[in-house]
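In what follows, structures are represented as C-alpha cells.
One chain, subunit A, appears in both complexes that follow, with subunit B as partner in the first and subunit C in the second.
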Partner chain A sequence: MTAWGRFISENRGPLLVTPALAVLVLMNIFPLLWSFGLSFFKYRANRLQEPEFIWFKNYFKVLTDDRVWNRFQTTAMVVSIDVLLQLIVGFLLALMFEKQFPGRRVLLMLVLTPMMLSFVAVGAFFRYYYEPTFGLLSQAIKSITGEPFILLASPAGAIAGIIFADVWMWSPFVMLLVLAGLVSVPKHLYEAAEIDRTSWWRRFWTITFPYIRGLLLLAILFRTIEAFKLFDIVFLITEGGPGTSTETIAVYVYRVAFQYFKTSQSAALGYILLFVVIVLTNLYLYFVRRRAEEN
Partner chain B sequence: MARRRREIGKAGWGRTAMSAVISFIYFFPVLWIILTAFKTHTDALAIPPKFLFTPTLENFANVFSRAYQRGGEEIDTHFDLFFFNSIFIAGTSVLLALAVGTLAAYAFSRFPLRGNDTYMFIVLTTRMLPPIIVIIPIFLMFRVTGMSGTYAGIILLYAAFNLPFTIWMMKSFFDEIPPEVEDAARMDGSSEFKVFFKICLPLVKAGLAATAVFGLILTWNEFLFALLLTGMQTRTVPVAMAQTIGGDIGVRWGLLAAIETLFLIPVVLVTFLLQNQLLRGVTFGTIRR
Partner chain C sequence: MKLRITRSLALLAGAAAFLGAAAFGSIASAKDITINMAVPDWPPTRIMQDLANKHYKAPSGNNVKLVLDFIPWPNYYEKLAASLTSGEEKYQMAVSDSQWLGANIEGGYYLKLNKFIDADPELQAVFKDLHPNLVASYSTYPHKSDNYYGFPQMPDVLIAYYRKDLFCNADEQAAFKGKYGYDLPCDPQAMNNTDWDMINDFGEFFRRGSGDTLAGETLTDDFYGIAYQAGIGYDFNTMQINGFIWQHGAGIWDETKEPDGKALGVVNSDKAVAAFEHYLSLLQHMPPVVKTGTMDIFKVDELFRESKVAWIIQWIGFGESALSPDTSKVYDKVDFAMMPGLRADDGSIIRWSNIGGQPFVLTTWNSDEVTQEALDFCKWWLTSGTQTMFAKAGGQSGLRSVHTTEEYKTYRPWNHAFGPSLDWQKDVWHIPEFFELLVQQQQEFDKAITGQISAKEAMDHIAQFQDELLREAGRIE
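The block that comes next holds the complex of A and B.
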C-alpha cells in the first residue's frame, strides 16, 4: 500500500466528514459566531455607523424589556395549548388507524397530507377560511349562531385561529409516533387481557400506555421545539396582530432585526432562544437514546 | 436482519366507514382549496359556499399571465420562472447535500470519531435552532459578498439547511446494514471505494431516495430564507405566493387557490409514495419504527 493509500485508510473517518462539516461551518457555525460577536456591539445594519462595543448591554436591555417578556408569555401560551391539542387529536387519530381495515392506506394518506404542506400554503388556506364574509368557517358558524363571526379581530380569537391551523397541520405527526407505539404492543398481551376480562381503561393503562409512553414524550419535545419557532403561520395569518397579541418570540425577533433594524439587539435575543432550543434538543436526544437502549 | 414482525389487529368495514368520514373532514381544507382553484371569481366568493359549479381553468391560466387592473393589459407574472426556480434550487441543493451528507453519515456510522455523539449533536442543533438566529448574520454575509439574490447563494444555504437532516437520516440507514457484509468484502481485497460504492450504497438505495424526496419537500416549502435572500430573478414559489396574498390582487382567492394547487400536487403525490418512510423522515431518522 502506498503512503497515500495508508493515509486515506487511516483517516477515512475525518476525511469523509470534512466536506460536510465545512459546509456547516460556513453556513451555520460561522454565522452563529458572527451574531454572537454582534450581540456585544451596538450596531444597526441599515446605518453606516461603526459598530460600538458595549459588553452585555444588549442582553441586559433585552432581558429587562417588558415587550420581550410579553412575547415570551404569548409564545409559552401558544406552545402549551398547541402541543396539548396536537397530542389529543393525534392520539385519537392514532386510535382510529390502530387496526388494519379496508382502505386504511388511502385514508391514512389523506390525514398525513397536512404536515407535508408548506406553512405558506396552510397560512393562506386558513386566512381564506377565517375571512369574515365568505370564509368557509365564518359562514358555517354564522349559519349556526346567526351572528357574524370575525375570528381574527380579537386577541383571543386570533390566537385560537393560529393554534387551530397549527394543530390541524401537526396532529398527524403525533399520530405517526403514537401509531408506531401502538403497533409495537405484543398481541398476546391483549389476548391475555381478553381472557381476564379486563376493562378497556385498565387494559390501556397497564398494557398499551407503557409502550407508547416513550414515543409520546418524544412527540411532545419535538413539537415543543418546533412550536417554539412558530413563525410562518403567524406571519401569514395575523402578522402578529391585532396589536401585538399574536406576536410570538420568533416573529418579534424578525421584526426587531428586519423592521426596526436593531441588528445587534436581535442577535442577543436570538442567543437566548438558541439556549432554550439547545436545552430542549438535548432532552430530546437523551430520551431517544434511552428508548433505543430499552428496545 | 431479524426484525420482529409487528402484528396489527384487524377491523372490518365499519371502521372503514368511520375513518372515511373523519379522514375526509380532516382532508377537507385541502380539498376545498383544490375545488376553489376551478371556480370563477364570483363562485369563489359565493355565499353560501358553492359545492356544485361549472369548473373553469381560467385561474390556472391567470397564474402565469394576467391583467393587474380590470380591463388592463395581460402581463406576464413570471410564475413560470418562480416554479422553475423552486424546482432548480430545491433539486440542486438536495443533490449537493446528499453527496456531501451521505459520505459524512457513512463515516459517522462506520468509523466513529472521538466525540462522535458530540458532532452528531452539533449537526442536529444547527437544524433545530430557530432559523431567525442564523439569518441575521447570513443576511449581512450575503450582502457583503454579493451573494444575495444569486442562485449560488441560496443553493449553498439550502444545501447547508438540508445537510443535518441528510446526515441523521442516512446514518440511520447505514446503521441498519450489518458491518459483516462490508468486512467480508474487505477480506476479499476490495478497496474502501469499492466497499462504499459497490456494497453499501446499493443497500441504502431506498434510504437515499427517501432522504432525497424529504429534502426536496423541506426545501420546496421553505419560506423565511427565501423571503430574505432571494431576488426578483431567484424568487421561489412560497415567497411569490405570500406576496400574491398581501399584494397586487386583493381578494382573488380563485387565483391564489390555483397557485396553491399547482404547488401542492407534487407534495401530495410524494406523501403517498413515502408513507412507509414518513415516521423516520419527520423525526430526522431518530425514530425508525
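The block that comes next holds the complex of A and C.
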C-alpha cells in the first residue's frame, strides 16, 4: 500500500466529513462570525465610508429603540397564538388520521399539501382570498350579509388573517409529528385500559400522552423558531399593515438591512433575535430533559 | 496608351486593396460588447428592448448587445441594491427611481456624467431639450444642483383614466346634471377641467350596488366611482398624497434648503394636515380594499381593468394594459385626461403632482470603452427619431422638441395630458436616507387611511420622526 493509500485508509472518517465541514464553515460559520463582528462596527453596505468600531453601540441603540420593542411585542403575540392554534389543529387532525377510514390516504395527502407549497404561493393565495372586492371570503360573507367583508381593515383582523394562513400551512407538520407518536403506542396498553374500563381522559393522559409528549415538545420547538422568523406571509398579505400592526421583528430586520441599509445595526438586531431563539430552544430542551429524568 | 491603361489598372487595384484592407480592418477591430442593464419589468422597458433589438446600431462599429434584466417592480429596489452593494458589478447600466439617486451615488455606484456632457455637444443639446423638471428630478444630485447622473428612460406622470362609456352615457349625464347641477364631463378636454370637488361628486354618483342600473345595464356586482393609490407598500400612498400637499400650498421637507430647512412645522403645518384630510375624504368612494391599506398602483390598475371603477388616477406606464383586449375588460371604453387639482379663486386649477418614471444611469466600474458605448446608447435613445418610436409604442418622451408637437398628441390617447402635466411635477427626496423616511411616512399615512389615527396625528408623527432622523444625519441643524 502506498503512503497516500495508507493515509486515506487511516483517515477515512475525517476525509469523508471534510467537504461537509468546509461547506458549513464557508456558508454558515464564517458569515455568522463575520456578521457578528460587523455588529460592533458602524457600517452601511451602500456607503463608501470605512467601518468604524463602536463597541456595543448598535446593541444599545437597537435595545433602546421603541420600534424594535413594538415589533417584538407583535411577534410574541403572533407566535403565541399561532403556535398554540397549530398544536390544537395539528393534534386534532392527528387524532382523526390515527383511525382507519375510507379515503384516509387521499384526505391525508390533501391535508399535507399546504405544508408543501411555497411561502410566496400561500401569501399570494391568502392575499386574494381576503381581498374584499374579488376575494372568496368576502364574496361568501357578502352573500349572507350583503356587505363586503374586509378582514384586513383592522389590526386585529390583519393579525387573525396572518395567523390563519400560517396555521393552515403548518398544522399538518404538527399533525405528522403527533401522528408518529400516536401510531407508536402499543395496542396492548389500550386493550388493558379497555379491560380496566378507564375513562377516555385517563387513557389519553396515562397512555397516549407520554408517547407523544416528546414529539409535541419538538413540534413546539420547531414551530416557535419558525414562527419567530415569520416574514414571507406577513410581507405578502399585509406588508406589515395596517400601519405597523403586523410588522413582525423579521420584517423589521429586513427593512433595517435591505431598505435602510443600516447593515451593522441589522446584524446586531439579528443576533438579538438569534439569542431569543436560543433561549427559547434551551428552555424547551430543559423541560424535555427534566421530564426524561422524572421518568 | 498601354502604359496609361496599365497605370490606371494598377491605381484601381491599389485603391481596391486599400478599401478592402480598410473594410477588413474595421471588421477585425469591431468588438463584441455587452451592456447589462437592470430594468423594472413593465411595458416601457419591454418597448425599449424591442426598439433596441430592431434599430440600435452602435456608431463605433462595435457589436453592442443590450441585455435587459427584467426584474418585477415590487422587489426591484432590493434586487438592484443587493447587486450594487455586493460588488458583483453585474450591471453596466440601470433604470433607477429618482429617489434612489442619493443612496447609490453616495455608495459610489452611479457615474457622474458632467465631464462627458461638457465634452459632447450632442449630449449638451439633449439636456437643453429636456424638460427642466425632468432634469432636476432624474439627473441631479444633490437635488437641483449642477451634478448630473441620469438620463430619462421613461418620464411618467399621474393622469386620470376614465370610462367614457359611462361618462358619455346620455342617461348618466342627465341624472348627474339633475343631481349636481353641472354637466358630467365626457371628452378629454372637459375632463381636463376637473377639480377634487367634482371628483368627489363622481365618486358618490357612480357608486352602485349589485342589482342597480349603470348606463342602462343591471349590475351583478358592486361598482365604485373613483380610486387612487392608497397602499402601504413602497411609495404607493406618498406619491398621491404629495400632490395634495403641494396643491394646498404646503410642503415636504425640502432637501435643497439643507441644513436650514425644517421638518417640524413644515411637514405637519395646518395646510399639510388639511391637504391630507382632503386626500382621506375621497377614500369613502373607493372600493373596500382601500380600507386595508393595500390599494397600491397594481390593485388600482386591476380594479379598473376588471371594470369595477369608473375613474382612477394612474401612471401613464399602465396605459397600454388598460387598452389591450388581452388584459382589460374595458379596453374599448377608456379615455384619459390630466390629473385633477385644486380649484384656485381665479378658476384655474393647481395641479402639483409627484413625478413618476425613471432615469437610467451608468455604473462606475465600466471601462472607458463600455462607458462610451453606454453613452452612445443613451444618445440614440434620446434622439427625436427613437423617442418618437417609443412614444408611438406607448412610452413618453421628455424631449420638448418631441412632446410639444401636435403630432405627438395623436400617437397614444393619453399623450395630450403628458406635456402640460410636466410643468406641474415635483419630486420626493433624493437623499440616501430616503427609504427610512419613506417607510415611516407610508406607515403613518396608512394608519390614517385605515382609520387608526387622525390626519393631524399622522402628520405630527411624520414630522417628529423626520426631524430626529434628519438631525442625526446632519441634514437639519
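Here, the second predicted complex is superposed on the first by the 271 of 295 C-alpha atoms of A that agree within 3 Å, B and C clash if a C-alpha of one lies under 4 Å from a C-alpha of the other, contacts with A are read in each partner's own complex, and residues count from 1 in each chain.
Note that contacts are C-beta pairs under 8 Å (C-beta built on N, C-alpha and C of every residue); 3 or more make two chains touch, one makes a residue touch a chain.
Predicted model only: the values in this text are computed from it and were never measured.
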Touched partner set for A:279, first subunit B, second subunit C, both or neither: neither
Contacts of A:45 with subunit B and subunit C, given as first, second, both or neither: both
Which of subunit B and subunit C A:133 touches, first, second, both or neither: both
Partner chain(s) touched by A:152 [first = subunit B, second = subunit C, both, neither]: second
Touched partner set for A:63, first subunit B, second subunit C, both or neither: neither
Per-residue contact with subunit A, leading partner among subunit C and subunit B: B
Touching partner for A:242 - first (subunit B), second (subunit C), both, neither: second
Partner chain(s) touched by A:12 [first = subunit B, second = subunit C, both, neither]: first
First (subunit B), second (subunit C), both or neither touched by A:260: second
Shared contact residues on subunit A - subunit B and subunit C: 45, 127, 131, 133-134, 258
Footprint of subunit A on subunit C - complex, ascending: 77-78, 81-82, 84-85, 103-104, 106-109, 222, 231-233, 287-289, 291-294, 303, 306, 308, 432-433, 435-436, 439, 443-444, 446-447, 449-453
Partner subunit C, residues of subunit A touching it in the complex: 45-48, 127, 130-134, 138, 148, 150, 152-155, 158, 238-245, 247, 255, 258-261
Subunit B residues within the subunit A interface of the complex: 6-13, 15-16, 18-20, 22-24, 26-27, 29-30, 32-33, 36, 44-49, 100-101, 103-104, 106-108, 110-113, 119, 121, 123-126, 128-141, 156-157, 159-161, 163-164, 167, 192, 217, 220-224, 228, 238, 241-242, 245, 251, 253, 256-257, 260, 263-264, 267-268, 270-272, 275, 278-279, 282-283, 286-287, 289
Residues of subunit A touching subunit B in the complex: 8-9, 12-17, 19-21, 23-24, 26-32, 34-35, 38, 45, 93, 96-105, 107-121, 124-129, 131, 133-134, 136, 139, 143, 168, 173, 176-177, 179-180, 183-184, 186-187, 190, 215, 218, 222, 225, 228-229, 231-232, 236, 250, 253-254, 257-258, 263, 266-267, 270-271, 273-274, 277-278, 280-282, 284-285, 288, 291
